[in-house]
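Presented below are the structures under discussion, each in the form of structure tokens.
Shared between the two complexes below is subunit A, which pairs with subunit B and subunit C, respectively.
For the complex of A and B:
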């Protein structure tokens, strides 16, 4: 039951809202928890045991760390066992077959070697997301920045809150836990805001992303049949599909949670206006970036190993080389983790290494960049250089997403190479694109939809909030905008004969 | 401005002299200092003030202004 489906939008969400609202204030948190567990059960059946055991384990480990007080070794033991256990489960469920395959490939052809059979793994929804939330909570308690919560219900609701279960955002305990159990009544304004945000998300998902999914599936699945200009088309289409889909689902998620008075963290901030790879990652899947920064990057940056390196290298090589070394030490685990977190496949590992190299280049080239602007006298923030940097970042994003979506690392490499053969730009207008399952009307809907989202993002970038601007207009104008959004989704949405409902991409991670 | 604060200001100015650090109250929240800048800053502060900055200190509140950094340094110096 994805967030874009009718059972969720027309039945589960309204029913949960009604039951929440009619319940007494102190019972509302239990209503949310029960609905969250029902949602999980409907999606993953008996695998809900993983969530229940994780919730209980995390709650108990937190309390045990609190009890350990100043006994540092005991606290360290507890955090290593509990967080290690959570990662162990994730590793076992998601990576066993990847390791089996790697061993089989390495040993293939050796005499006496029989290939290890693959295991049939059943993976509960959202395990990659709630595991990170759980580890974040445990580390906060370990560091003493957070007091362990005595309420099991709150810990369980934090990990299992149904709008977030499938795709995040990966929240921090201190940001959402208290809101979840506040039990405030639902207001008219919250419902109106929530429904508007959900409609906006549905617009991105079913008007744009689900249409793009048709050509993306064709181009990546039959990649050997395409070369030249069709490769950039594949790269751009997937990057846009992923943005429209993931940010659209986040709109539905944040809109749903908002109706219960829970403000979840934003996961996107106009990523296509980024001027560098590092800025892109501060605007794209923000909650994952913050998690990695807080629980991987900073601990490594401030570790004993890094401190020793800093002391040694500063005397020996000076500040510049020291910073390069420190950045490498801190960024390598971040990007390997980022790649592997997305899944057990070499193209995800490559995707992580790709961004590691790009971010290292940013560090290495920083002085040269400063010298360039200083000596040439060019205005760094001038329109030309800003546009240049944005377009350069697009190239980085599109290339990265090509490998990310490719059906394996080899396929990605082969697609990348074939992009340089037989360019054939006429294929953009000679009808080739129209033979891939989308007709002219579909392309008009895609391009029109992208234009609408682009304008909305541009306004946000200029700090003009469409919602706030509309709120100042008269009631008829506000309702007209609301209905325009409903009709856009109903009329231009990609459903009916010829379309199948497209599963949520990030729910698979 | 205290002695610690002026030294922190000097360190920051060495990184980027186009910012008026004394006035800024949201260096992290407004992304004036990004994580790359923090990497250099941590080692500069550790060396200058002979303190150990652990992961637990890595919260925006400790780095949002010169005053906040000075308070953290004083606390760590015990």
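For the complex of A and C:
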């Protein structure tokens, strides 16, 4: 039951809101928990056991660490066992077949070697997301930044809250747990804001992303049949599909949670206005970036190994080399983790390494960049250079997404190479694009939709809130804008005969 | 936008405005859809419209089901032989939910004595949640057709390819092609196993049963001959379903010999659907079933003159196509025989 489906939007969400509202204040947290478990059960059936055991395990481990008090070794043992156990389950479920395949490929042809058969794995929804939340909670308790929660219900609700089960955002305990159990009544304002946000998310998902999915599936699935300009088309289409879909679903998620008075963290901040790869990752899947920064980057940066390196390198090589070395030590685990977290495939690992290299280049080239602006006298923040950096970042994003979406690393490499053969730019207008499952009207809807989202993002970038601006207008104008959004989704949405429902991309990670 | 600053009157005004716009949009699109009913995007819906346009209280037997239904029961042949009025409300890939909608649509204007339900759709299932989605979508679209016709906006940009809609076939589709079934001859091999029916399909089926009971309609389950779609596991489940609900179940797959199905010439596409040659045979068999229900022969009733006229045209067309098929089949057989002569 994806968040964009009618059963969720027209049955599950309204029903949960009604039951929540009519329940007494102190019972509301239980209502949310029960609906969250029902949601999980509807999506993953008996695999809900994973969530229940994780919730119980995390709750108990937190309490045990609290009781361990100053016994550092015991606390360390507890956090290693509990977080290690959680990652172990994730590794086992998601990566077993990846390792089997890797071993099989490496050993193929060796005498006496029999290929290890693949295992049929059933993976509960959202395991990659709730595992990170759970590990985050355990580390906070371990570091003493958070007191272990005595309420099992709150821990369970934090890990299983239904609007964020499938695709996050990956929340921090201290940010959402208390809101979840506050039991505040649903207000008219929350419902209005939630519905507006959900509609906006639906616009991005079903008007743009679901249409782009048609051409993306064709280009990546039959990649060997395409070359030249069709490869950039594949890369750009997928990057836009992913943005429209993931950010659209986040709008639905944040809108849904907001109706219960729960403010979830934002996951996107106009990423296509980024001027560098590092800035892109501060604007794209923000909650994953924050998790990695908090629980991987900082611990590595402040670890004994890094400290030793810092002391040693400063004396021997000076500041510049030290910075490069420290950045490498801290960024490597972050980006390997980022790649692997997305899935068990070499193209995801490559994706992580790709950004590691780019971010390292940013560190390495920083003095050269400064010198360039100083000596040429160019205005760094001038319009030309800003546009240049944005376009350069687009190139980085699109190339990365080409490998990310490709059906395996080799397929990605082959697509990348074939992009330089037989470019044939005329294929953009000679009707080739109309032979891939999308007609002229679909393209009009896609381009029109992207233009609308671009304008909305541009206004946000300039700190102009469309909602706030609309609020100042007369009532008929406001209602007209609202009607326009509703009817844009209803009329231009890619649903009904001729379209198939597209599963949520990030729910598969 | 501070919702508190908006008065109740204005909020009601907004809701009323939204409903009016939805209804108005639905009405306008409905009018337009009727004009372009022959568009490929509306083909499925054309089947519903045809049923809606049938003269009220004239249908004795309503058939519902997927493509197996409209390729196996020929209403105008039944008219010629028995004088019963049959309408096939079939759609390609009809889901159980669409089947229920088709039945409800038919019951708005008709009072059939019998409903023939082709059973293939009972096994068409995705996840229960996908089916729930389908159910919610169909129900919403029945209130606000804007959900059904919204894609017609594309006609502003692309000139639609509109084919004339055949309004006088009573839902049957003549299939002239021939591609023999070459699989195992005995695809209905004995087994005690059963193919399950999804929870959602079972609920919708129960609703169809209840609806027929409420209206005093005899519901008959039937399975068209199709080695691609049927086997003994499905038969076992359907037989149990029929017996649990005290319904008659006619499995034509077990009566192939009696019906006279010849897989070398009676199928359009290798055993998935019947062509006109096969449909003539299954229709004749179904006539023998319908004759046991005491239905009225309308052939001498002047108010059914239209059926007689349509039947005459249909007979000529069907005879020509059947002849064509037999000729093609003879040629195919001859080529096959020649190819094995040393």
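Note that the second predicted complex is superposed on the first by the 509 of 509 C-alpha atoms of A that agree within 3 Å, B and C clash if a C-alpha of one lies under 4 Å from a C-alpha of the other, contacts with A are read in each partner's own complex, and residues count from 1 in each chain.
Operating definition for what follows: a contact is a pair of C-beta atoms (placed from the backbone, for glycine too) under 8 Å apart; a residue touches a chain by one contact, two chains touch by 3 or more.
The structure presented is a predicted model; accordingly, all values stated were derived computationally and were not measured.
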Exercise. So if we stack both complexes on subunit A, do subunit B and subunit C clash, or do they fit?
Worked result: fit
For this session: Report for A:182: first if it touches subunit B alone, second if subunit C alone, otherwise both or neither.
Result: neither
For this session: Give one of first, second, both or neither to describe whether A:470 is in contact with subunit B, with subunit C, with both, or with none.
Result: second
Exercise. Of the two partner chains, subunit B (first) and subunit C (second), which one does A:105 touch, if any: first, second, both, or neither?
Worked result: neither
Seminar exercise, completed: subunit A contact check, subunit B vs subunit C, more residues touched by chain C
For this session: Scan A:484 for contacts with subunit B and subunit C and give back first, second, both or neither.
Result: neither
For this session: With the two complexes superposed on chain A, say which partner A:362 touches: subunit B (first), subunit C (second), both, or neither.
Result: first
For this session: Return first, second, both or neither, reflecting whether A:314 touches subunit B, subunit C, both chains, or no partner chain.
Result: first
Exercise. Touching A:49, do we find subunit B (first), subunit C (second), both, or neither?
Worked result: neither
Exercise. First (subunit B), second (subunit C), both or neither: which does A:298 touch?
Worked result: first
Problem set entry | Contacts of A:10 with subunit B and subunit C, given as first, second, both or neither | second
Exercise. So after the superposition, what angle do subunit B and subunit C open up at subunit A's Cα centre, nearest 10 degrees?
Worked result: 170
Seminar exercise, completed: Rounded to whole Å, the nearest C-alpha atoms of subunit B and subunit C in the superposition sit apart by 27
Exercise. In the complex formed with subunit A, which residues of subunit C make contact?
Worked result: 1-4, 6, 10, 14, 17-18, 21, 25, 41, 44, 129-130, 132-133, 136-137, 140, 146-148, 150-151, 153-154, 156-158
Exercise. For the complex, which residues does subunit B have touching subunit A?
Worked result: 31, 34-36, 38-40, 42-43, 46-47, 52-59
Exercise. Across the complex, what residues on subunit A touch subunit B?
Worked result: 143-145, 278, 282, 293-294, 297-299, 301-303, 307, 310-311, 314, 319, 322-323, 326-327, 330, 362-363, 366
Problem set entry | subunit C-facing residues of subunit A, complex | 1, 5-7, 10-11, 42-43, 188-189, 192, 439-442, 444, 467, 470-471, 475, 478-479, 482-483, 486-487, 490-493, 495-498, 501
